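Below, subunit A partners subunit B and then partners subunit C, in two separate complexes.
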Partner chain A sequence: MAELLVQQLVNWITLGCIYALLAIGFSLIFGVLNVIHFSHGDVAMTAPFITLALAQALATALGASGPAWLVLAVPVAVLAVGLIGVLLDKVVIRRFRDAPAMMALVATVALGIVIRELIRHLYPQGSNPHAFPRLVSGMAFEISGVAISWFALLVVVLTVALVAMLFVFLRMTPLGLRIRAASEDRVVARMMGIRDARVFRATFFIASAIGAIAGLLFASYAGVTRFDFGVMAGLLGFSAAVIGGLGSMPGAILGGLIIAGIEVLAQTFVPDGASYRLVFVFLLVIAVLIFRPAGLLGRTVMEKV
Partner chain B sequence: MQGRASPDVPGIAAATVFAIASQIIGAAFLYLILRVDGGWQVVGLLALLGLGFYLLERLPWIADYALASFARVPLVAMITAAVIVLAFPFFVGSNTYILHLLIVAELYAVLALALNFQLGSANIPNFATGASYGIGAYVSALLAINFGVSFWLTLPVAALAATLFGFIIGIPSMRTRDTYLALVTIAFGVVVQQLLNNFSWTGGPNGLVGIPAPSLFGHSFADPLVIFGWKLPSQANFYYLSAALVVVAIVTAHRLHGSRIGLAWNALRADEIAAKAQGINVAWFKVLAFAVDAFLAAFAGTIYAFYVSYISPDNFTFLVSVTIMTMVIVGGMDNIFGVIVGAFLLTILPEKLRAFADYRLLFFGVVIIGFLMIRPQGLFPQRMRRYGGEP
Partner chain C sequence: MLELRDVDTSYGAVPMLRGVAMSVRPGELVCLLGPNGAGKTTTFMTVCGVVRAQRGKVEVMGRDMATLGTENLASLGVGLIPEGRRLFPGLTVMENLRLGYDAVSGRGPNFAVQLDKMCKLFPRIHERLRQVAGTLSGGEQAMVALARALIGEPRLVIMDEPSLGLSPKLIGEYFEITREIHRQGTTILLIEQNAEMGLGIADRGYVLVKGKVAQEGPAKELLSSKAARSLYL
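Right after this comes the complex of A and B.
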């Protein structure tokens, strides 16, 4: 029992960190643009494909396939996805920042379709699932008879490092200050001489790059990736961001951990729970929003006339 | 029009000619786009359609003139519409594929009109219309398969079940709003779809098979329809049935729009706090919008189930709800005619894009984004409410 518990605890933390990284992207973009970037999950899930394609290309160009190419491909893919995010913002999403919220939602859902279809067509045999290797393999150490994998360790360390970096960036750099200002009030920020185009670019780059890392970890955790994994990744990340409270970083992390927690709990303790796990997750989402309509850590804005 | 005396109110004769001619042209266009199957012909027709909307945009008096003529001779307009709808299958003849497309388009028109009460009139997001649609389909199919209940009896039962579901989704809507409410409805939609996918008594991922065809006055809907010696394929039965449902939906939408309920929804859309201050029971009208949406969606679901006689959870996913939302937004929120055009366009377009085979979903996504960017208010923007006197 203790073994099972520890094992599930590790699963929970690993998955929770991945969801938290996805949720941070949603929250960051919503905070600044007030737009739900529903295709964020799809953007994130392009990262595994770009990595695979790059590793493949490197292997054929330089010969001698090996995990080394993968390690080389990962940072390039993360950068590329960050730039994809910036491009999507410039071409599509920014135009909806002042439109009714539903319009932006539908537009980004359509954008998600476009991204998925592009992956399907551009990647060779894109309709099929593709194996994605663990970024690191092997066991790190043991806790009460349960071996903790390097991968789980990597996920946790990477998440903590990214969150810390994001925190420092938002709190202590001039650009971070501008992002926070624009997130507080875009119009006033503009009056203070903050160029919002730059803020949007930076926000989308950071959010998409973090999403790319989450997407790589997600594919690595599942061991496989497919062109339409972005739908679920997006829905779960979005849910995590919303139940935590949109625009709140600690909320995004909390939301990710909660969503992962209920998923792992359902899989472990409910008979046949694996097939019902989404039911539990989304029932929890509904319950949270009934009692905390602005999310757990979200600011409840009293509307005044 | 709109309270001001417009100098160009058409005469009775001109109005009659315009009302008949414009509808025949519209029907002919629909017929053509359904008939062609070469990729470039579709592109050409779409370009023609684009040109039409461009003209409407540039010359707004065309729309005013059209509305004025229809208002001048409403009876003529309605009779023409009825004749066109009734006669359409005779022109299509034995081409069952076109009839199938038309039936699906009609059902989507009903779904879009249902969602329009919320999204259009009250600006409440709802990503669970697909779920209500599914509940309607499953309830009626289960009743028919397990208990042999006739189609006509399952209709109200399915509608009641879905309405109950609508009330349940409506409850969180009293507290949450905008994005948060959107997520609640998404969550409801996913939960329903996942449950349908996992329960054994709903057939799981395999769905339900062998839903018996309905019959009316001894005429089974699976048999060809024979009218005055003309023999129409069996799909024609469902074509007329769904057309009747569209008419019911239009009348409902029209009456609700003109009633205090429609007015209350519009007030909610304009400003919730102001509406509350006017003494409108905001919570009740929000929940009511969900219930009406689910009620109509269940009707469409029931007809769909009996028409294809096979349903599976894949027919009622989150993407179906998104498609319905897109129809309302592309067509024009709170505009009954626009919503129907949106539903027809977005049902037929992906099918016609089959000429582009594998790329059609990609195309579809690009077209939607393009629409939202170029014409964010929809093809047919809502008009100002007319208070009081007829022109």
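Right after this comes the complex of A and C.
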């Protein structure tokens, strides 16, 4: 029993960290633009495909096996997805920042479909699942007879490091201060000489790059990636952000941990729980929207879409 | 430093300003008066470039606001205090002041010196520097908003109804500080509803009624003018 509990605890924290990273992107973008970027999950899940394509291309061009090139391909993919996020903002999303929420909703949902279909048609055998390797393999140490993998350790360390870096960036740098100011009052931020475009660029780059890392961890955790994984990643990340409170960073982390906790509990204690886990997750989302629409740690009430 | 020539603006189909013409020359303290709904805040927003003039011309520091974004005003030496103070409520007082300083000075190196000046001018701010601005009292917020506009040493300060919601004692204190800042050489456009106080410290004044300038002239004359009193005072 102790072994099972420790194992589930490890699964919970690993999954919770991945969802938290996804949720942070939703919260960051909503906080600054007041737009729910429903294609954020799809943007995040382009990272495993870019990584696989790049690793394969490098292996073909320079020899050695594909996974060996992951070390190079992963940071390039993260950077590329950050830039994709900036591009999508510039071309599509920014145009809806002052539009009715319904328009932004439709536009970003449509954008997600475009991204998925592009992966499906442009990536070789894009309709099929593609194996995605563990970014690190092997067991790090044991707790109560349960082997803790290097991967689980990587996820936790990476999440803590990214959250800490984001915190320091937002709290202690001039650009971070301007992003926080713009997220509170965009009109007055402009009166203070803050340029919207720079703030949006930085926000989308950070949110998308963190999303890319989450996407890579998501695929690595599952051991596989598929063109439509972005839908699930997006829904789970968005739900985590809603539960924690859209716009709140601590809320995003809390929401991620809560959703992962429900999933793990359902899988462990409910018969055939793996099939029902999402039922429990989304029932909780509905409950939060009914009883606490601003989320557990949110300050603002979400605009109806 | 500031000129509006025959300016019209509207919110959708609702006209707000009609043929407004006014100016603020270097070194002046000009008061724009008017009752509720006269278009005072619309004038502020038009001058800032948040609302675009549909007709006429708005020039701030010699630059045409038709082509200049709101975000460029601060670097031209314009400090702004919008209606309701509008501090960033989740940021600390220090962070609000930092943004005001960076805006005008372009992130110059003398923030500490300027912060010290502001703390001397507004002693209550000093003990609140680390406090989140949203938790300050109305009076303290008014002082921080003024300090935020002044900390970068702007040449022109535009204030939109700064006395709104303040106690009579604080209003007196606030106008005294405004008068002192003007004495030190800062040009000020004070948009106010409190005519006695506003004109009491101003050089010139404009009375805005239903989106039009109904009367203008030296502040003392406006205060004693029967016509101005019948219009608004």
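Just so we're on the same page, the second predicted complex is superposed on the first by the 298 of 305 C-alpha atoms of A that agree within 3 Å, B and C clash if a C-alpha of one lies under 4 Å from a C-alpha of the other, contacts with A are read in each partner's own complex, and residues count from 1 in each chain.
To be clear about the criterion, contacts are C-beta pairs under 8 Å (C-beta built on N, C-alpha and C of every residue); 3 or more make two chains touch, one makes a residue touch a chain.
All figures in this text were calculated on a predicted structure; none of them were measured in a lab.
Shared-chain residue A:L79: touches no atom of subunit B or subunit C.
Of the two partner chains, subunit B is the only one touched by A:L289; subunit C is not. Of the two partner chains, subunit C is the only one that A:R190 touches; subunit B does not reach it. In the overlay built on the shared chain, the residue A:A59 is in contact with neither subunit B nor subunit C.
Once chain A of one complex is fitted onto chain A of the other, the partner contacts of A:L175 are absent, as it touches neither subunit B nor subunit C.
A simple residue count on subunit A separates subunit B from subunit C, and the partner touching more is B.
Overlaid on A, the two complexes show subunit B and subunit C touching no common residue of subunit A. Across the interface of their complex, subunit B is touched by residues 30, 36, 92, 95-96, 99-103, 105-107, 109-114, 117-118, 121, 231, 235, 238-239, 242, 246, 272, 275-276, 278-279, 282-283, 285-286, 289-290, 293-295, 303, 305 of subunit A.
Within the complex formed with subunit A, the residues of subunit C that make contact are 48, 50, 69-75, 80, 82, 86, 88-91, 95, 98-100, 102-104, 107, 148.
Touching subunit C in their complex are the following residues of subunit A: 174, 177-178, 180-181, 184-185, 187-196, 299. By the touch criterion stated above, subunit B contacts subunit A in their complex at residues 119, 123, 125, 171-172, 175-180, 182-184, 186-188, 190-191, 194-195, 197-198, 272-274, 318, 322, 325-326, 329, 358-359, 361-362, 364-366, 368-369, 372-373, 376.
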